[in-house]
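Everything below concerns the one structure shown next.
Here the chain labels run A, B, C and D in written order, and each chain numbers its own residues starting at 1.
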Amino acid sequence: MITKVRDSFNRQEFMSFLGAELVASEEGMCEIRIPYNKSLTQQHGYFHAGVVGTLADNAAGYAAYSLMAEDSSVLTVEYKLNLLSPAEGDYLHCRSNVIKRGRTLSVCRSEVFGVTAKSEKLCAIAQVTLIELANTADNDNKGKS
Amino acid sequence: MITKVRDSFNRQEFMSFLGAELVASEEGMCEIRIPYNKSLTQQHGYFHAGVVGTLADNAAGYAAYSLMAEDSSVLTVEYKLNLLSPAEGDYLHCRSNVIKRGRTLSVCRSEVFGVTAKSEKLCAIAQVTLIELANTADNDNKGKS
Amino acid sequence: MITKVRDSFNRQEFMSFLGAELVASEEGMCEIRIPYNKSLTQQHGYFHAGVVGTLADNAAGYAAYSLMAEDSSVLTVEYKLNLLSPAEGDYLHCRSNVIKRGRTLSVCRSEVFGVTAKSEKLCAIAQVTLIELANTADNDNKGKS
Amino acid sequence: MITKVRDSFNRQEFMSFLGAELVASEEGMCEIRIPYNKSLTQQHGYFHAGVVGTLADNAAGYAAYSLMAEDSSVLTVEYKLNLLSPAEGDYLHCRSNVIKRGRTLSVCRSEVFGVTAKSEKLCAIAQVTLIELANTADNDNKGKS
């Protein structure tokens, strides 16, 4: 587990609000999961697409962040998500890998699986572009307090 | 306000969990907003990109749904989101319009603004593809209970 | 017509190969068109989606480039294209506008129309992300000679 | 080599115009390459991003088409392309695989490589959504003659 990734993850209030857990963080890779909870569903009882997108984006951000300089911060430039099948299961598991680490931009690929005790089904894939902000500490809180 | 849109919105647990409000629903258009809440933030205190994406996707879904047959349901096929500036403000406001309504697929454009009493700033734009599922009632809950 | 845009356009061999014409270039905007030609078609006789994508990408690139510093060069980071209806007509006309000009990245929206003497039909929309490469002259040919 | 793919490919005038070759076509997979040619370049002498996008889209279309019913036709719904490094080499080689084959929609992932005698470098990745049009023969030319 990469320390700066875990620390940043823990500073994201939205992650704990969703009940998300940082499962793995290595150089160029990140895994996050979210257990099923009725609060996270859309009208048919599946995980909401917004939850799926959040996972895909966030895991990509931390996969990219793991390779960045210590005094850099990461921001998502854009992401594109294809929803392949209903997001259902005991939890959603997302794995993201850095495909290209550039000087300024990184591109990651994320896969989101719906998982039960018996099965694991790919329910979404994403391509995510991230930017490295040099000399911008991740814990420099600019928001409201 | 289109009744079937309001009803479907109210069935999405994730919307009330986020504190989202359906602000407007007309034929081919939908507006949703989410007030600022610390629970929705990323590490810098801005709205999390996942919240922004959720808004862009969901408003698009209901813009498209408003034009669909009464016995049809809507699903997001994919969306692509560009984050243009930090998502900050008293609330996020998203407006989505149907650009193309096809026989099976619809394409919408969503814009997300960060709004305060004094200003409104475009913080994200999205292109969203939706599919119409004929003879699939929106309130046919297939999920867990 | 912005001179540096016209000059760069004229250096793109692929544009003349396709028969593309730079129709308009202003600050933050660009228009390019391509007359119908059987060589540009797919199996049904419509303009090939690759031609549509080329237009959407290239017009975006020059819309963004028009706002960049004189000694900067532009590169496409990524683009996402929705094909809305068959690309047919006497020519394709693409208009692209800068939605956000950032310090490093710009985001443009492109629209491609199929045009005849009697009609103009929107056939594709795109979101395009471009990067400004400082101190990299556009005419610095790094390719084969 | 799947016959209907090869036949459709041969009906695309744009492919021969670009000098593209269908290298492989199997169930759920397709490979296309394009040799370097000055006519295909942008201002720096690299392959134009439009050529890269054309490859990514077209290989995806035929990967999906290979799994469709005999009397079906394929259309691209949308694609999203990330350009990772300059598209250079003796030729571009694109491989696309079907990630999800749905009843109506398919989603493919394409990778484009710049290849020389000595090296192979990933220069672009794409996610592509395709739709199956039932009872629409691929050789039913609706275009101009």
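Here, contacts are C-beta pairs under 8 Å (C-beta built on N, C-alpha and C of every residue); 3 or more make two chains touch, one makes a residue touch a chain.
In this text the structure is predicted, and so the values were computed from the model without any measurement.
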Does A-B or A-D have the larger number of C-beta pairs in contact? A-B
Which listed pair, C-D, B-C or B-D, reproduces A-C with over half its contact pairs identical? B-D
Geometric centre distance via CA averages, chain D-chain B, whole Å: 32
Could you give the separation in Å between the centres of chain A and chain B, each centre being the mean of its C-alpha atoms? 20
How many angstrom between the C-alpha centroids of chain D and chain A? 30
Taking each residue of chain D in turn, which ones touch at least two of the other chains? 77-78, 80, 82, 107, 127, 129
Note: in the complex, chain A contacts chain C through residues 77-78, 80, 104-105, 107, 127, 129, 131
Listed in rising order, the residues of chain D that touch chain A in the complex are 80, 82, 84-85, 99-100, 102, 107, 109, 122, 125-127, 129
Mind pulling up the chain C residues that touch chain D in the complex? 8, 11-14, 17-18, 36, 38-46, 48-51, 53-55, 57-58, 61, 73, 75-83, 86, 88, 138-145
